[in-house]
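Structures incoming, each one as structure tokens.
Shared chain: chain A. Partners: chain B in the first complex, chain C in the second.
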Partner chain A sequence: MSFKTKMNNFFKGVKDKCVSLFKSSKTKVLKKPTLNGTKELLIKNIVPIMFIVIGIIGVYFSKFSAATIVNEMLTRLARNSFLVISLLIPIMAGMGLNFGMTLGAMAGQIGLILITDWGIVGIPGIILAAIISTPISILLGWWCGMILNKAKGREMVTSYIIGFFVNGVYQLVVLFMMGVIIPIKSEILLPRGHGVRNMVNLQGIRKSLDNLIPLRIGTVNIPVAAFILIALLCFFIIWFRKTKLGQDMRAVSSDMEVARASGINVEKTRVLSIIISTVLAGYGMIVYLQNMGTLNTYNSHMQIGMFSAAALLVGGASVAKANIRNVFLGVILFHLMFYVAPYAGKNLIGEAQLGEYFRVFVSYGVITIALVIYEVSKRRENRIEATLLRESTEGEKNA
Partner chain B sequence: MPKMSSSKALFNFSNKVFRRRFIIRTVVAVLIIVLGIVMFFIGKNHIVHLSNIKTTIDGVEYKPVDNISVKFDKNKTFTSYADFSDEVSAVGSKHSLRVEYNGNVYEKKFKIPHSYRNVIISLPVFIKDTDNVDKWLTQINDVVVDDSSDEEMSETGEFDM
Partner chain C sequence: MSKQDNVFKSLVNSFGLPRLLIAGFLLLLFCIAPIGHISITQSISDVLMRFGQNAVLVLAMVPMIHSGCGLNFGLPLGIIAGLLGGTLAIELNVVGAASFFVAIIFSVLFAIVFGYVYGILLNRIKGSEMMIATYVGYAAVAFMCMMWLLLPYKHPQMVWGYAGRGLRTTISTEGFYYHVLSDFLSFKIFGITIPTGSILFFAFLALCIWAFLHTKSGTAMTAVGSNPVFARACGINVNKIRTLSVIMSTALGAIGILVYQQSFGFIQLYMGPFYMALPAVSAILIGGASVNKASIANVVIGTLLFQGIVTMTPSVMNSIIHTDMSEVIRIVVSNGMILYALTRKSEATL
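After this line comes the complex of A and B, so read on.
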């Protein structure tokens, strides 16, 4: 055996010993105390469990048939899932819930207003609206991302306020520029010569996507084309997680400084996540409104961010972690409550308005609960880590 | 010679990576714009009024014809009666009209100009002069319904938030 081989074997042995020692010390010192399995499961899934209970009670008192509920849930799933999925990428990049998705929604609405004015109908109309919304969404998403980079750690509240600001700009464009600077010639223009009507009839594209591949099982209508589109988006998200950019986003989410040190352009990655989310939100709004068939020009986009975020949180997501399963579970549970609450209220006390109040209160409440739970668990984890670190330091000193 | 910075090098067209990215992005952008233009033309909706009413063109009077079978594009065939008008929705620019009257079939494939939102087709003229499209196809101006009382937005900025 040559000297070189001997030395190599020696260093390999030393290395192996060091690695095994390090691993054993790590497992010994940094073992976190865990809660009882069932209790942990309950705490982690408190929001979905709460909504399942509310849903069961609501379904019982609303006295709806199973077919009616399934039909409504499928419609709402096809209508809202795209919008909710658009929130996943910023969460992946550690930017929390992107309330700035309203920017994309506004871009989608501008596309829809223009195609309605031009009289473009059906699937070509939807595609053209998506094409028009894309550059607007990219521009707004880039701008929003740049601002959010200056407000690290406060992304959610910042994006929420950006939504209000851009809403003002949107109203300026739609109310004062359309008809004057942007030519509008159809009946959607207000009689005074500028501004778009409060309600725009999307008759031309109404249910174009939903009815593209019609499927009816009994009394249940299944919007197959919309579900295919949503499935494609899900596959895109799954694929995207595995790409270099997706991995970069996860690294940025874990620790920005470590990601930067390892050569990732943190700011660019964050901006890209917001751009992708905004563009997807624009498409999601088009899918949503083609199902609704009417566009409330000045209000449709306002609550989209909040309702989508609430649906995602209801599905068991947190501001730091969300997946596709959370999207579908959340949309079903949240909209089940939305659908049955007014009827349950009416049957219980003869007042449908109770259900209306209830669902608005619950949608705000669930965001609050989810944020509080996230914050409490984060503090708990930090406290445990601090205790473990202190214990390990003391142990080393004693040794 | 001083070395270029990496960002400057990226914008250099002689840089292979930049050139490839630039070409791919330009091609994609152009394809998307072309797709938008195609959608703009194939998705255009026209409201077609199939009029079976007395019409006078250049001093010649065309009387309405009763009980004629009309088929517009792939829509269901319907019967048109004298002094009545029917409305159909037509998507795209290329269309066909087929009319059956007294055992004769009058058929014509024609184009509706993209700028025409509402058009009127005179069926009596169509039967008499099928090949002269300009004679039986006319544009009607958009009717703007003045219902300003319904929902005009407040200029004070008070919106339903």
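After this line comes the complex of A and C, so read on.
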């Protein structure tokens, strides 16, 4: 199916006079890739299938009760979905996985550090942290987008390095400027007078969003307010796809040159997609940390990009195509593996450490496999498109 | 006046502005070092020692850049081959300088196997090598973390004492190949220690690479890197040449980590190789390489500049402003350099 839509996008872009010629040959050629349907389906969904298998084995050996697992999965779904959803919009704009979402995470953390210092607690604290993070996210996202426009075709690796680079700047701000240029007065400041402690206790806002609307079924806690927030975000994403900007992004994604020719400001659209993603990642980080309850000042943000990208890919998304279904499926499957792996490792081989290494390996492995599958299938589709083009031009000659 | 301007401009153009800034910064550090009572000769010795330690790892970037595979973010794969070779040499209880050669032989064998598979993978995903290489490296490191726990190593110097199995996080190379190169023919001149062995070993490898790049296959590699379509038209087997370059890079990475260990004194297992690719990548870029162009001179200049900054910033910063900002500076400089290179316009590699 996705092949068909992809082909349709491709045809949309080509000049009108070719379209009719293409369509005549389309049905004939389209049969080729769908020749062995089940095998194709299996290959396309290899990552989720692998994870379902790993998850079942892991759950079996971890010896957890169903209630424990459901409870943990609901918590993790509420904690991580927001962050993962922030990856969707750059994918819509054809920029791949935005590993630069760590920029937003850092902005969110700065907001949290400040409200903790000011002693603002509860929901007002969370809202204020979000307000503080927004301009920082916008600025960082704009800068990141500008850089990515200079590195078209290798956005992912560039955004990945940008994450590292801004981490250096973040350390400069949090470790050397806070307490000197940015006034910090509470005990989260290091005794030497500048720099924030390695661990910041977010006691004031801990679980304040999760417990806003308490709901308890049996032994299972459901963080209703967090889910409402995530649902609102999902509606925003669905609505956003239909706006002019959303349509522009999809046009840019399918062909940059065609989009430019039809009057879309390609560079601006791409920058906007990164800005939105960064801002959402900032909010996502605040949601994530209010659930965790402690901020690991210099480490919390570093792994976020990797975990979110892995979760999205586990849900069956590719670098070029992702939707909300992928997010939820991915978060559940990925975190199921993540949660049970150490326990399964302990029960199976007697070493929890092994399970921990295993889950790190699987996270990186899954990103590798998903990227490779995507690249290989893209190259194959390019070849098919080339054949199509050749056949159509031959048809033109014959006519 | 205008002539001076032109001289300056041409200098900037030929050397690149970021490189000039970094070189200037390093020079400044050396100039203000005496104010903080830091011995210049000691600093130069340190820089030279670190040069010997890291130069081969940076050299491992060259073959893959030449064949158009981009920056080798998958360097951890080569490092793992080196770790396997090093630990095997110790496991077989080969002592002294001989262990170094045994380690090299084993690790190059592993590197050839790994590099071959890795090369085939990279041939199927031309155009996005760098992103996938990063994750191949990470996945390999995480996989080996499990293996270090499970592989049946027995040597008492390497396994955990209480459990009797599972390798330690750091293993001393003392008694094996510790300083086998660094101390070879090393001498002191004006108070500066010259690690002759390490430098000679690097020079030997660099000469090999330089000579190789001037052979028929080497020229083919450059052709593949600069214009794959043209290379194919000339009858060059592009995939074969690319695989060869990946094998060479992986093998150099394996030898590089052994050289690093003999000077550093420890084998770092588990998450040790995780972030080792980034310093090597930024070093060669600081030396003037781009995503698809690199020479031996880039390696030498880049390693000296990068290691110079890494050595000098902590000591100078600490003694003058009493805060250790070196980590921040190192992160910003090295990743900034990679960003600069990634955003340069370069011929598209298809």
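Definition applied: the second predicted complex is superposed on the first by the 354 of 399 C-alpha atoms of A that agree within 3 Å, B and C clash if a C-alpha of one lies under 4 Å from a C-alpha of the other, contacts with A are read in each partner's own complex, and residues count from 1 in each chain.
Please note the rule applied: a contact is a pair of C-beta atoms (placed from the backbone, for glycine too) under 8 Å apart; a residue touches a chain by one contact, two chains touch by 3 or more.
For clarity, every value in this text was computed on a predicted model and none was experimentally measured.
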Practice task
Figure out whether A:Leu348 sits in contact with chain B (first) or chain C (second), or with both, or with neither.
Solution key: neither
Handout entry: First (chain B), second (chain C), both or neither touched by A:Leu212
Key = neither
Practice task
Check whether A:Phe358 is in contact with chain B, with chain C, with both or with neither, and answer first, second, both or neither.
Solution key: second
Handout entry: Which of chain B and chain C A:Met156 touches, first, second, both or neither
Key = second
Exercise for the section: Give one of first, second, both or neither to describe whether A:Leu175 is in contact with chain B, with chain C, with both, or with none. Expected result: both
Practice task
Kindly classify A:Gly125 by the partners it touches after superposition: chain B alone (first), chain C alone (second), both, or neither?
Solution key: first
Practice task
Have a look at where A:Tyr298 lands relative to chain B and chain C in the superposition and call it first, second, both or neither.
Solution key: first
Exercise for the section: Applying the touch criterion given at the start, work out whether A:Leu139 contacts chain B, chain C, both or neither, answering first, second, both or neither. Expected result: neither
Problem - Touching both chain B and chain C, residues of chain A - result: 171, 175
Exercise for the section: Please give the residue numbers of chain A that touch chain C in the complex, ascending. Expected result: 147, 150-151, 153-154, 156-158, 160-162, 164-165, 167-169, 171-172, 175-176, 194, 351, 353-354, 357-358, 360-361, 363-365, 367-368, 371-372, 375-376, 379
Handout entry: Of all residues in chain B, those that touch chain A in their complex
Key = 32-33, 35-36, 38-40, 42-46, 89, 91, 117, 142, 144-148, 151-153, 157, 159-161
Practice task
Enumerate the contact residues on chain A facing chain B in the complex.
Solution key: 115, 118-125, 127-128, 131-132, 134, 171, 175, 185-187, 189-192, 195, 197-199, 204, 298-299, 302
Handout entry: Of chain C, residues touching chain A in the complex
Key = 73, 121, 124-128, 130-132, 134-136, 138-139, 142-143, 145-146, 149-150, 278, 323, 325, 327-332, 335-336, 338-339, 342-343, 348
